[in-house]
Amino acid sequence: MFFRMIFGTLFRQWKKMLMIAFTIALGASLATAMLSVMLDVGDKVNQELKTYGANITVVPKENSVLSSLYEVEGEGGTGAFLREDELGKIKTIFWAFNIIDYAPFINASVTLDDGTKASAVGTWFNHHMELPTGEQLDAGVKSMRSWWEVIDGKWLDEQTGGENGAMVGKALAEKLGIKSGDTLHLNGTVSELTLDVVGVFDAGGEEDDKIFMPIDTAQSLDGLDGKIDSIEVSALTTPENDLAIKAAKDPKSLTIAQYETWYCTAYASSICYQIQEVITDSVAAPVRQVADSEGAILEKTQLLMTLITILSLVGAALGICNLVTASVMERSAEIGLMKAIGAQNSSVSGLVLTEIMVTAIFGGTAGFFAGWGFAQIIGHSVFGSAIAMRPVVIPLVAVLVVIVTLAGCIPAIRMLLRLSPCEVLHGR
Amino acid sequence: MNKRKMFLRMITASLIRRRSRMIVALLSVAIGAAILSGLVTIYIDVPRQMGAQFRNYGANMIFTPTDGQFTSDDITRGKSYIDSREIVGVTPYRYESVRIHELPVMAAGTDMEQAKLTSPYWSVEGEYPSGNGQILLGASLAEQFRLGIGDEVTVNYTPEDKDRAEGETVLDNTKDMTVVGILETGGPEEDYVYIPMTDLEELTGISGQIDIAELSVSAKSDKLKEYADKISANVPGVSARLVKRVTESESTVLTKLQALVLLVTVVVLALTMICVATTMTAVVTERRREIGLRKAIGASNGGIIAEFMGEGIMLGAIGGTIGVVLGFIFAQQVSINVFSSSISFMPLLIPITILVSVAVTGVSCLLPIRSATQVDPALVLKGE
Amino acid sequence: MSLLELKNIYKIYGDLHALDNVNLKVEKGEWLSIMGPSGSGKSTMMNIIGCMDKPSKGEVLLDGVDIAKESSKNLTAIRRDKIGLIFQQFHLVGYLTAIENVMLAQYYHSVPDEKEALEALDRVGLADRAKHLPSQLSGGEQQRVCVARALINYPEIILADEPTGNLDDANEKIVVDLFHKLHNEGTTLIVVTHDPEVAEVAQRTVYLRNGKLHKETINENFTGEIKFVSEVEL
């Protein structure tokens, strides 16, 4: 009979129940959407912050002590290099998945036909890699120098044979009076080459005075085959905390448990440490300008989203509470009647609660999927990618819906229990 | 007593005497309004507040001399073209080659207080130089020279003397200085030694010269570009350039962030409004019997709609007003917690929020009332 | 001309003939009771007279106007101007005080006048309860507020649907006495009831059964002044 009554309410009063379910669904969808976005916003914003370029640089160990002042050393340097054949290993470290981009650099000093000296840089533009994991990656300056503006010509494309191409910085191009389509004859210390100028770029910095070319080309100019000066790495990192700072100074000072935590967290310092492990004789260091700012911005964004999420959760909770209270109170006549014909308080409350809970389950489920949709809309329209599903959202939303619905029922049920049947039936 | 007075009397009676129900409705309107005003305030204020965070990336504009060197007067003139409220910091730099332990080292003379502002990402072990004879040493130099905090070094400078005769020995200017901080940046700054400008001037014997000035300005990239063009054109000797890497990236990320907050605001608002609407619908629906009674004693449909709308609008106005206050408090709390600064108050938001609350409650009352007035009064009165 | 005249009224719901060829004339100043068991069509007839419903067929002449042909908007206006309603469940607006409930009728009719409303409450003996909310009044008092509300606009007809249905004996007497008073002041009263005691005090009682008028009695012992003699076509 209990169930029959519940089915009776659910199906015969479906309009009212639908309204409650609808409100619960709205609340649940809001909660789902906001929680999903909140939990994923860190990764998304992190990805966006990659436009600031590399947050880790890798240089040869010897060089890190005496590295470039003003980046004009050019000739010979100290003779320490990293090995080009080890580059692939960066994508094999523990946090390989967080390495989203990287590019090697080799500096060569060249002389132009008119005798002027210029610095040439060999690098990857859009280097295509097929990783042992089956993953594919296009890495290079095209994505790591997103602020470059190609003011003439286009980006050099390695895929369609750009070995003899070069991109020239705006300042140098103006000085030499060259534009895209021209050729440039370069004399290196070992060989000389004629390159096609594919594009002229405006970097708004010292790179405007340089010539960029594919890495093999630059290496052949100075006879430095297989050697690279530095690697810039763009990695998704977790904002630093005390542990990370302590570890960055000396990983050996950590206890085993701390070490595990540190090693298995995507701190810039642990990623650096892991890169040093795979690249022979290298020193990897976070670029403070980028790494610190990223940390600050990420933290603020996450906090902001958390607070907005809390606000919307409170809003959703009060909305649900309100409607549940209102709709239960509306049924005072019916409940008065039930009490008049002998229903115990407990059975009346049981009935009301079960009805509302059944409605809440349907509404909550529908709302969950709707909210999931909202989150995806937000993800796609703002970041152009899907919002990852965190399993933790499901229990959170479920608990929230149940608690809020129960809380909404309590004042209404208390009021119903105080009702005396005759009062209700005589319509006062 | 005229009709208008009675109208108001009825509405206030309904609002005051049906207290518990009205509080329910009022609460939902107020929350809706609070969410509206709070989120919109945050939405509008985010670029400003986040922009300040982005200043962590350091200088986004640099002044370079058009002919070798300029003075602080040139910088002040250039600076005057920028809205002073937007300037975070202006740091002059002067580079000189000095020698420490007889090895050539690049020394940068600067204003330490300003450097803190334009390069907030500098990680300094120890402290920034604050007095005479104190220096900040780049981390790789510190390692190279095996120098630590508190160590004393002698800095040598060989003055350039054009009149100096061939083979004549020139005495170095020297100054004993104390390392008070080690600078770590992960960038080229680690190879420099930073000396307060006055000390460098004392060491070199030349004052008033500046090689470059870094500016951190919290403005959007198009505005920055405008400033840079204006300064380059109007201030002789100063060429202002944007640090593209910082400005371009900042506008990309900020645009996305603002879009995110906007979208979130829209979604939250849409759902909140629907919540308010369902609550109002429930509130009106339970008064069908009263509507029937009013019809029975001679109210026209228009009259009933007017009364209920009057109530709804009053509810919207009161709820909206409470909401504006709550929303501002919320936005303020968010701002203080997230950005540690207070939010700018937008007076225009008050009427807008109240209007929107009134409109939403009005519309969400209108539909159920219209359907309620279609009901036959006889059926409603008998239907028990 | 009669104040109210029903001519060959039918009200048909599907197969059910709620009213089946009813003819009735009510004169100005008359006190009429309509009696009948549940389902006899009393309420339907009352709704039609009260301008809250329209007959399926037939004419309803109120002051010579056929209200069966009026739009529902006009019906509202006619009801407002000419009819005062009293219900079994009182139907007072719960959040308005007694006097405000009375003024509500004035408000819809013309202009609210607190003094006049207070006089109306005084006539039903509730002047001292004017500021009370319905929940603070007894059933009888509530019904008396309804009476005051019904008569405030000097309607042509006061139509009462089971006015004593929810009242105890003492309150019933008070309400019936009020009806006497109204009748003596010249108000036309139509009382729908199934309580013989209430019906019998009227000048005339018509009995409804299965939608038809099947009997009519004239109260010979009626104490009030009888001005008109109505005729009923059976």
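By letter and in written order, the chains are A, B and C; residue numbering begins at 1 in each of them.
Everything that follows uses one rule, which is that a residue touches a chain if its C-beta (ideal position, glycine included) is under 8 Å from a C-beta of that chain, and two chains touch if they have at least 3 such contacts.
The structure displayed is predicted, hence computed values, not measured ones.
When every chain is reduced to the mean of its C-alpha atoms, the one closest to the centre of the whole protein set is B. Top contact pair of chains, counted by C-beta pairs, is A-B. Taking the mean Cα position of each chain as its centre, C sits at the greatest distance from chain A. Chain geometry summary: the mean Cα position of chain A and that of chain C are 74 Å apart. Once the centre of each chain is set as its mean CA position, chain A and chain B turn out to be 22 Å apart.
Remark: chain B and chain C have CA centroids separated by 70 Å (rounded to whole angstrom). Residue positions of chain A with contacts to 2 or more other chains are 427. Residue positions of chain B touching 2 or more other chains: 384.
Across the assembly, chain C contributes residues 89 that each touch 2 or more other chains.
Taken together, the chain B residues at the contact with chain A in this complex read 21, 24-25, 27-28, 31-32, 34-35, 38-39, 42, 46, 50, 53-54, 56-58, 106, 119-123, 140, 143-144, 184-188, 191-192, 241-249, 252-253, 256-257, 259-261, 263-264, 267-268, 271-272, 274-276, 278-279, 281-283, 285-286, 330, 333-334, 337-339, 384. By the touch criterion given at the top, residues 43, 47, 50, 52-53, 73, 76-77, 79-81, 85, 87, 89, 91, 93-97, 100, 103-105, 107-109, 111-114, 133, 149 of chain C touch chain B in their complex. Those residues of chain B lying in contact with chain C across their complex are 1-3, 5-7, 9-10, 13-14, 16-18, 289-290, 293-301, 303, 376-378, 381-382, 384. Per the touch definition, chain A reaches chain B in the complex via residues 19, 22-23, 26-27, 29-30, 33-34, 37, 41, 45, 48-49, 51-53, 56-57, 64-71, 145-149, 202-205, 285-293, 296-297, 300-301, 303-305, 307-308, 311-312, 314-316, 318-319, 322-323, 325-327, 330, 333, 374, 377-378, 381-383, 427.
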